[in-house]
Amino acid sequence: MTLTSPRKLDHIRITIDSNVSHDGASTLFEDVTLVYKALPEVSLNGVDASIEFLGKKLSAPIMVTGMTGGHAVAAKINCAIAKAVEELGLAMGVGSQRAALENPSLSYTFSVARKCAPSAVIIANIGAPQLVKGYGIEEIRKAVEMIGADAVAIHLNAAQEAFQPEGDTDYAGVIERIRDVASAIEKPVIVKETGHGIGLEAARLLRAAGVRIIDVAGAGGTSWIRVEQYRARAKGNEMLATAASTFSSTGIPTAQAVVEARWAAPDACIIASGGVRSGLDVAKAIALGADIAGVALPVINAYARGGEEAIRALLERLVTELRIAMFLSGSGSLAELRGADIVLGHRLLSIMKARGVEPELYLNGPRVLFKPGSGCSPV
Amino acid sequence: MTLTSPRKLDHIRITIDSNVSHDGASTLFEDVTLVYKALPEVSLNGVDASIEFLGKKLSAPIMVTGMTGGHAVAAKINCAIAKAVEELGLAMGVGSQRAALENPSLSYTFSVARKCAPSAVIIANIGAPQLVKGYGIEEIRKAVEMIGADAVAIHLNAAQEAFQPEGDTDYAGVIERIRDVASAIEKPVIVKETGHGIGLEAARLLRAAGVRIIDVAGAGGTSWIRVEQYRARAKGNEMLATAASTFSSTGIPTAQAVVEARWAAPDACIIASGGVRSGLDVAKAIALGADIAGVALPVINAYARGGEEAIRALLERLVTELRIAMFLSGSGSLAELRGADIVLGHRLLSIMKARGVEPELYLNGPRVLFKPGSGCSPV
Amino acid sequence: MTLTSPRKLDHIRITIDSNVSHDGASTLFEDVTLVYKALPEVSLNGVDASIEFLGKKLSAPIMVTGMTGGHAVAAKINCAIAKAVEELGLAMGVGSQRAALENPSLSYTFSVARKCAPSAVIIANIGAPQLVKGYGIEEIRKAVEMIGADAVAIHLNAAQEAFQPEGDTDYAGVIERIRDVASAIEKPVIVKETGHGIGLEAARLLRAAGVRIIDVAGAGGTSWIRVEQYRARAKGNEMLATAASTFSSTGIPTAQAVVEARWAAPDACIIASGGVRSGLDVAKAIALGADIAGVALPVINAYARGGEEAIRALLERLVTELRIAMFLSGSGSLAELRGADIVLGHRLLSIMKARGVEPELYLNGPRVLFKPGSGCSPV
Amino acid sequence: MTLTSPRKLDHIRITIDSNVSHDGASTLFEDVTLVYKALPEVSLNGVDASIEFLGKKLSAPIMVTGMTGGHAVAAKINCAIAKAVEELGLAMGVGSQRAALENPSLSYTFSVARKCAPSAVIIANIGAPQLVKGYGIEEIRKAVEMIGADAVAIHLNAAQEAFQPEGDTDYAGVIERIRDVASAIEKPVIVKETGHGIGLEAARLLRAAGVRIIDVAGAGGTSWIRVEQYRARAKGNEMLATAASTFSSTGIPTAQAVVEARWAAPDACIIASGGVRSGLDVAKAIALGADIAGVALPVINAYARGGEEAIRALLERLVTELRIAMFLSGSGSLAELRGADIVLGHRLLSIMKARGVEPELYLNGPRVLFKPGSGCSPV
């Protein structure tokens, strides 16, 4: 077994057993109000939440972002997720495929996703630091082929690695490697964070490097700093555990990240994830400028609670809530939801001001920056 | 018995037995301060709180908004309310008359209101979705005649219906049907919400459709989403119960709704309701631009506690508090109260800004938009 | 015994036994920060807190505002206060002298103040509603003579009277009567509130009526609405008790009242009272524009705890704290304290904006409106 | 033994045994967010946190500010701190040397620092009031020579002295004495507070007096007013104890003090201390404009817990956290950290506005005022 695998098991176990949600940060979705319309002028049944993503049609702009692979249990989880998204017309990603690239006998734990979801959107996954440490276009192609992926996600996780004694913390050349991959690979490249957020600056770098799909994975949901805090404590490394708790509020809240990524990359496809916990969160994310929303931790928790069944119930609830949110805000389609009236709270407004994002473009009036529908079929 | 009736009983029972107040939203009346005048230049006894409404004179701008009918208990409640408002010179509405229109033998449960209040303002009631599902001018006339109504209220409740499996969620044609009714019917038409609020956009649509009386019924008091949450849980529908709790803060707070409705419909008669719990709330609502205030849940709770007696005590307290609020703000009449000095808190101010309502017109100076007294006698 | 006396005893008892502080309002002094100076450029011993008031010199700008009289216990309290202020070089007022005017045998309960404080500033007291109900220049002269007063205070208490079944709530002609008194009487007239605050409008009316000394007695300390709430509850008047609790946050916070009164009456002598509980509060009040600060409830509580001794300890602490506050803000004199650097919090700033008071004139720079020292010797 | 010594022991004991942190004020570091960079473009190992200070190179901009001396225990503490900073390449100050100047047999309790840290930056210490009471250039030279100091710190503690019955509260001539010292002495002069903060005005005075190194020692960490509160209570001086608690929020929060000192003295070397509790605080201080950060109380607590070992672990954690903060904000050097993107919270922003500091110069764009590196080698 490789070095990677047991650590991944560690992670899954901790995220299921312990509270790994940000305790010092929130998504700031609570600072976003979708204005209620007493006269919505649509019918709930008539609401259309569908969107095209990577050349395929989703019934709703919801995906399960990459989490697992590399061991037997992971294979079961990946299949359960795959079956649910296949049935509901949603999308999914697999976890980092590094383990299988290092040890091909583990490939089945990823490819099972495609087997269980023959037609759904499925996304391959590889870590950014690996690109610096030698992975190239060849490994990425292997990862894509392994699962018949519709796109490949490169994940950034500087915040997490910084709190691992053995962490991969060389981010000096990452953006160049991403540019190389983006220009060489045949499939669309997604760059995603893992729970601490892609903001203005990173989104600008990524867009300039040719990346057209960004999953912000902001702060407010799973906190990898907190996961590492548990691990450090368990290993008796008090210094790292204390340091991790010092940084408990580090990260860009998801709502802020969506606004900033959209501001920095107006023509990109923006995926809002990190602490998305309801279809109302999904709706808020879209009204803020996202195209699609992603969810991770609740899906693994649902699996632990009740397998595929529970995953499907969770995703169905998200879709139902999104549709109700669209209805109650008078939005018959995602394009209308994107233009729906919102009220932003004080914290988000003052952050936007500090960051040079002009709130007027997000409030009271057409949000001209966004080109609805253009972003998410970049093939 | 019709489908409607047992559901209504359900509702009454839940509102009395459980806490059905918004837990995620407030009226924002706490963000409104009536400035205390150490030298009010009036006497408390000289304060005149009377207003003309629907051609009749009220001793104070307070009404009990529509709640019940359709079964024997409801008849008793309607009579108790009627006696109290008759005695005190206030106004009342009955609950949705759909049950009686479907089953005429239930008419007495509504008409009892007129019997017990021969001269008071009484308002008929019908649901907006019914208009789309076939009700027309004929049914509305029947509802009016059934109780000798002074006006008819059409209620909007999209938020509630969205959380009923059997919900009437077709709001596509509602505004056209309202326009039809408003132009054809002989009595004034009130359009009211039921606890989630009529804001800027709906008020504009309604005014353009010829409606001249709007009861905003905003968020902060009775939450129908919460009522449906109890019902869904009781029926084992966990998904809908969870979804309902997701939307626990949905709705336009009453203070905001009053400001927005007044802004959108300067010449309309605005009724402020939803979470009005004291005469001080009534006074604040009027200073914000409302003509009349309405109260529902506390009245049903008072009935449960002590019948007609308790209803009268409640309404008397509201009147006394309103008069004290007028005295302490130096307002000898409702017209003066409307121009009274107020200070708005941060949340309400920033919502107004986000919604394009100019706070300067509400603060420090004559609020020129409002034509005191013009709105509430539209006959 | 007159009607007035037992009610006054009631009041004293309640204020000592129960918590009668505003629970819905604060003074907003917590929104005022005196900027700390690491290099104060003065010595603590060199700080001069003295001021001339009504032609006499006070060692510090602190007075005990009027509270009692009319019964034997009151006489003891008045003497205890008098001895303490005589010794410390401060000022005091007596409570409403109505009881003694109605029943001259009670005069000694007031005149004892002058006996126990032969040279201190002592202020007579009469209620504004009495002026409307027939009191004239003659009664006021009697009140002044009764105690050899240096000035006479007319108190306003609309908020309190509104919650008494037997309340004097005719404020229609009060301002004219005050004008009459101010032009006819030989001694300076102070108009004071009793704990709910004199704001912009009342201060303007008073200044125009010839009043040159205003004691704002704002909200945040003793709440007379709360006192009446206890009394109503004790008498079984649930309606009035509930109404009183509805208005628990009514009143103009003292810090706001000082700013507004100073704004409205730049050349008046402003006394800041209502919730003044430390010498730091005194210092903040002066930095906001007051000339003198007053304290009431803590003095009566000190008496209950330890008689004259405790009153003196309390007042000594206030003086010490004021001097420390002057030292730490680098203010060698009250004139310098008035120009000391302050930072205002959000709530006070937004209230000032709403009320048309320009914060710039209170922050960063000379506060030109104030003419230090001019106000408080208006004889 | 001198008068000074037992009081110092008192202080050490209280700070270790009781909670002496400000309870009414915070550093406001919680109002400063270093923006997370998902693509930091540096490697954690490549981060360079070194800085030149007083002609020597520090591995990180962290010092232990002066605390102790004057008795046997203090000698042990000074040596333990000295060993830790020598090993880690940091700096330290000793406590007030007054005791040794008064009683030369105590010199060893200070000079031990140089013995235990032959090459580290060590700073001498003397109180400002002593300068007024007769100390001159000669005593300061003695203090410097006693420990082979690289600089001498003059501490200001008006807030503390004001709450001592025996306090030295003559600050009238302090700034002149500091000017004299600064122009005469051969070593650089640091002026420092002791936990209540040097703000705009004091920083301006100091810079004009020729001081080029300012340690703001702001509010939010150790509160000397609180220490004196314990002492007064222990001695039965209730009046002073109560007065001290009245002033529990007095002082300029450290984040504010850094901003103000930098604003007032753009070319000075600014040391940020007072409540610095993590390397993230250090990083925030530097992003706000400080050059170096100082820590006191946690070091004495660490000593009490585990001697030199614990001090080293504490300081190592601070360095590690600082480096992580630099990495996660994309800062390869302190100069880059100083220009790192930050978001300021509402309180700090409104204080800056009230104090005439322009937030634009601290947000979104190069902070031109700061000349990185210029300030801290003023020899």
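Some observations on this one:
Note that the chains take the letters A, B, C and D in the order they are written out, and that residue 1 is the start of every chain.
Assume a contact is a pair of C-beta atoms (placed from the backbone, for glycine too) under 8 Å apart; a residue touches a chain by one contact, two chains touch by 3 or more.
Molecules present, by chain and UniProt name: A, B, C, D = Isopentenyl-diphosphate delta-isomerase.
Worth saying up front: this structure is predicted, and the values here are computed from it rather than measured.
Number of steps on the shortest path from chain B to chain D, with steps defined by chain touch: 2.
Where the sister copies chain A and chain B meet, the same residue numbers recur on both sides for under half of the interface positions. Among the remaining chains, C is positioned farthest from chain A, on the basis of C-alpha centroids.
Each chain gets a centre from the mean of its Cα atoms; for chain A and chain C, those two points are 61 Å apart. Inter-chain centre distance (chain B to chain C, centres taken as mean C-alpha positions): 43 Å.
In chain A, the residues that reach two or more other chains under the touch definition are 346.
Arrangement of the chains shown, judged by which pairs touch: one closed cycle in which each chain has exactly two touching partners. Here the touching chains pair up as A-B, A-D, B-C, C-D.
Only residues 156, 158-159, 161-163, 167, 169-172, 174-175, 193, 196-199, 201-202, 205-206, 219, 239, 242-243, 246-247, 249-252, 346, 350-351, 354-356 of chain B touch chain A when the two sit together in their complex. Here chain B touches chain C in the complex through residues 33, 35-46, 278-280, 313, 316-317, 320-321, 324-325, 327-328, 330, 341-346, 349, 363-364, going by the rule given at the top.
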